[in-house]
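Both of the next two complexes hold chain A, though its partner changes from chain B to chain C.
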Partner chain A sequence: MKKDHVFLMMVLPAFILFFIFHTYPALQGIFYSFTNFRGYGDWDFVGFINYFNVFQDGRALSAYGFTFQFAIVATLLVNMLSLFIAIGLNAKIKFRKTLRAMYFLPFILSVLIVSFIFQFMFTHMLPQLGQALDIDFLSRNILGNQNLAWIGVVIVAVWQSTAFNTLLYLAGLSTVDDQVYEAADIDGAGSWAKFWRLTFPLIAPFFTINMVVAMKNFLMAFDQIIGLTGGGPGRATESIALLIYRGGFEGGQFAYQSANAVIYFIVIVAISVIQLRILERKEVKG
Partner chain B sequence: MSIKKVFLLPAAFGLTAFAAGCGGTDGGDGQVTLELFSNKSESIGTYERLIEDFESENPDISINLEAPPEAETVLRTRLTRGDMPDLMSIGGNATYGELAREGVFKDFTESAVLDEVQSSYVDMLNALVGPESEGNYGVPYATNANHVIYNQEKVDELGIDIPQDWNEFIDVLETAQDAGETPIFFTLQEAWTGMAVWNAVAGNLVEDDFAERKNEGEATFVDEYDEVADKMVQLLDYGHSDNFGVGYNDGNRAFATGGSVFYIQGNWAIPEILESNPDIELGTFALPSNEDAEENELVSGVDVVLTVSEETDHPEEAEKFLEFMVSQDVAEQYIDEQSAFSAVEGVFQEDEVFDGIREYFENDRLTSFPDHYYPAGMGVENLVQDFLINQNKEQSLEEIDNEWDANQNR
Partner chain C sequence: MSSKVNWKATILLILGTVFILFPLYLTITIAFKTPQEMTGNLLALPETWTFDNFFRAIEVTNFFNALGNSVFVTVFTVAIVVLTHSMVAYAIARNMHKKFYKFLYFYFISAMFIPFPIIMLPLVLQTSAWGMDNLVGLGFLNGVMHLAFNVFIYVGYVKTLPVELEEAAHIDGAGTWKVFWKIIFPMMMPMHATVAILTALAAWNDFMLPLVILSDSSMYTLPLVQYAFQGQFSTDYNLAFASYLMAMLPMIVLYIFVQKWIIGGVMRGSLK
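Up next, the complex of A and B:
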């Protein structure tokens, strides 16, 4: 009985803080999504009208389009790159510890600062390179091009978040027993076969968690976009998080964007669950 | 340390921080502390100097200046929390109108401060609030001008006369281009800078009551902004090679170092340009978007409204600060440092940079910023930026119409 008490005391503060600063505001948001609240002043209940309007809102739909395109590409790139780097850093190479520390650095930097630095590079340095090499599409700022700006956002997002996923893969790789490889060597397996038949299946749970976490993070992209393009040119790189912030806080559409946020919450949960289901099934098979 | 104490510690810490956060309003010895909320990062230095003067005149009042980035958003969230600043120095735009309709500002109708300022700007603010609310909820303080800034040296070199109508303006741009100069430096990577052009062009071409009629469903962008859209696209031909790849700060720097002959921006850009190159000689003129020279007016609006929260605990001290601000010396210092124009009666901007537009102020040839009357949430600047990139006039104007209408349903 005494023990229960102690454990409860360990969990309770976190629970209370989480409830006050996360659950309660989320419930408030759901509540307000059924009203015409502007963030202040009087309001009435309006039922599901906000939800119907979101589905007819071209701006919201194009934000969904951009966000998914961005999130899928960035998730795939981050996972390929970080797995690649993790395998390299896991091998017996010189300066292994130093290199590991260096590869982790981007994660410590603020996303916003990274974005501003990259914005400077895209605006001033990359066009000079493009002009010197006579490459037409590079000789202008790619962030000013509606078809290319999203690639700039992807580059920054991938550069910044590869660090954390590499760390997770490294943790996964350290769980693989060296004896497995020795056995494979005796059987005469090549390094390609060793990776696909041994390493990858053994770290599959880490692959799953990395895919889900990366996807969820990129679906909520905000800082990179504020720092790089502000959602432009036009609305080419307006993510849903940015739209909710813009409309809700700048435009006085508090209730309407709350409805958008609720829909988006459901979408993210659904995607995460589907991802987990598919990837976990793969894990068992592997 | 017992377990209980360990858990109380963070709670106690939290409470102290909370108390510190709340306790700002009154100092110990009858001192009153007011918060001044400003939306302009450009004026932080000026306000700090003015506050120092005010505090030495009024030792029992101290003022904290708060000038956060994205100030309008911050102000809205503070309104949601029911925590409005005592004093506000904000832009005279759609957000001001919305907040005033909500009744969060004090009514100055009975106040003597209002007698010190030009009544035409008071009317301009009331137009933003709309006809339903009677009362004057802000004191117009500084006003601005949206104009064409030119590089005097280049203009002299090219032998250009200041254009009075649209055709002359295009001729001048041609002359500059033929001489191998960049006529206009656009900074359209930042969408809002497109609105400086949009407002300058539309101010002279679209009727003043457009927004009112649009709200009643009697006007559309497709019908009335057609010419504006054509002229915007026409101007784009006289830009540089990367119109959408350069932002505002880089543009100021580029123009300051001879990057182009003309620069379409408001007076707020002038201190920034001079900071990059203190030796540059600048001039200004109103963008003559109308073919008829007589019809061309200067786009000008209320850049700074001073107002007081309806719920402040210290209305008298706040009013004292406003009285200080509208006194002649202070108003002069403000416009000198900010290259702005004053709404205070009898205070004029003497800087020769503005020789070209002084006549518009003197003869009241002013028109207001069209976009100040657009709904705040529609994000028109991104729609205009999109239009300038794709140049699909009908489709873009239709979309602007639709966003306006949709905005009223949210």
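Up next, the complex of A and C:
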């Protein structure tokens, strides 16, 4: 057989499967977003009505509001914390391998199950502790509070996602040559100056990737919400993914939520592109 | 450069592990406690370590069935992914100068930015109409969902492999198939490890895809079972935590044994 044909045979099955189970459903989703399909039965074209409705839907707007608030705060916290931990783990410390293994442990656990465990901690353990120590803000369940529940979701996301980001930063730090620091030591640079002037610019590409990937993952939050709050109290912590799931499967809003999903997709791509632009410009300057 | 141990960082990091280990401590102790002990201090160790909760959880949730389902999906997914994605990536990496393969590369990796909810609703109708709402279907869909990321890191790796070896094999009369399976596939071993680890973790812990795809509760994987029993678990935390612990234990045990390998694999993937 000709060489070119063999290469073609290697990619065609994957190409076909990918098209059928990824591209085709995506195209169908876009198609149905212009109809009034409920997931079954007859349907008609309705033009852009679904799209207009999403922008006037209080439930959808509040889902976008919550998801953005959660994703931005969680992304910033995770990146600060994991960069800090990675620098610590990269220093000349004792028990380095054991500590590294400990800090990476949350990554291997199921997000859903971890969220169930934290849900118990927020509802039973922390209030008990707060009452025993007479600390007012701990003695109530934050997941039951409309205004505070999102903080619980952030805490779980940070607890779990810091592990993976720490490892990525650690990989980045391992590419930095020790000689760079030796030169800085001779110049008498302090450790703060060393970090901002030497280390950070060298690992800037890792910072960019981490920010973009973390943001994208948090914008898609689903498991954490199911495990912690189920979107409540009320709809205070209903994420976009959860809204599409609920409305699409339980609410008979197949077409409407498809339009929402298309908007969601555009938002995610736009944010990723903007982030890449801004952060890459900083990389060049730094 | 001083080779002094940085004790300040060591101590801070050791203190920090409290935050990581605490939820696990809580899970383990509650799983071994009796319901009567739940009214006392939640942080205390169990008075007597009882396995009753585990036996109850195994029975109530049909644990071994769910374990079997999770193991099946994970192993099936990893097998598909390692065998086919490496092949696709090889063909693309060696033909990047051709328009079609270049298009294919960007077509595949662009899927990394497509949120699952946009394909979710039509995909569920499609898979149930085609009788794919089962564990085998889930394995195939996992293969599709992981394609973007895996092709990305496999292609990065294949590009670093020297072409000379393949050319020499071609001169000796070996066909492209043979070259791939006999020479390239074994040379991709470090990347296979990375891909297998990341895919296995994702497939094992996945919740959303099995939730929408699997129609029959006898096919539920471990995370799905924890979700399905929430009604019962919220009134019986000892049962719940025993069940959670058993669902997480296989990965934790695996991690303890091959932790160096897992961390190394993920770091290698991130440098690509």
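One rule holds in what follows: the second predicted complex is superposed on the first by the 268 of 286 C-alpha atoms of A that agree within 3 Å, B and C clash if a C-alpha of one lies under 4 Å from a C-alpha of the other, contacts with A are read in each partner's own complex, and residues count from 1 in each chain.
Please note the rule applied: contacts are C-beta pairs under 8 Å (C-beta built on N, C-alpha and C of every residue); 3 or more make two chains touch, one makes a residue touch a chain.
In this text the structure is predicted, and so the values were computed from the model without any measurement.
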| For A:G144, is the partner it touches chain B (first), chain C (second), both, or none of the two (neither)? | first
Using the touch definition from the top, say if A:S191 reaches chain B (first), chain C (second), both or neither.
neither
Request  = May I ask you to decide whether A:Y256 touches chain B, chain C, both, or neither, giving the answer as first, second, both or neither?
outcome  = first
Quick check on the superposed pair: does A:R59 touch chain B, chain C, both, or neither? Answer first, second, both or neither. first
Output check: A:N50 vs chain B and chain C. Expected answer is one of first, second, both, neither. What do you get? first
Touched partner set for A:Q69, first chain B, second chain C, both or neither | neither
In this superposition, the partner of chain A with more touched residues, chain B or chain C, is C
Requested in this report: Based on the superposed arrangement, let me know which partner A:K94 touches: chain B (first), chain C (second), both, or neither?
Outcome: second
Have a look at where A:G231 lands relative to chain B and chain C in the superposition and call it first, second, both or neither. first
After superposition on the shared chain, which partner residues are touched by A:A171: those of chain B (first), chain C (second), both, or neither?
second
Both chain B and chain C touch chain A at residues 6, 13, 39, 124, 249, 254
Listed in rising order, chain A residues that touch chain B in their complex are 6, 9, 13, 39-41, 50, 53, 57-59, 123-124, 127, 139-146, 230-236, 238, 246-247, 249-256
Chain B contacts chain A in the complex at 3, 7, 10, 70, 72-73, 76-77, 79-80, 98, 102, 104, 188-191, 241-247, 250, 375-379, 382-383, 385-387, 389-390, 399, 402-403, 406-407, 409-410
As the complex stands, chain A meets chain C at residues 1, 3, 6-8, 10-11, 13-15, 17-18, 21-22, 24-26, 28-29, 32, 39, 85, 88-89, 91-95, 97, 99-114, 116-118, 120-121, 124-125, 128-129, 159, 164, 167-168, 170-172, 174-175, 178, 181-182, 185, 206, 216, 219-220, 222-223, 226, 240-241, 244-245, 248-249, 254, 257-258, 261-262, 264-265, 268-269, 272
Chain C contacts chain A in the complex at 1-7, 9-10, 12-14, 16-17, 19-21, 23, 26-27, 30, 42-43, 84-85, 87-88, 90-92, 94-95, 101, 104, 108, 111, 113-126, 140-141, 143-145, 147, 175-177, 180, 201, 204-205, 207-208, 212, 222-223, 226-227, 230, 233, 237, 240-241, 244, 247-248, 251-252, 255, 259-260, 262-263, 266-267, 270-271
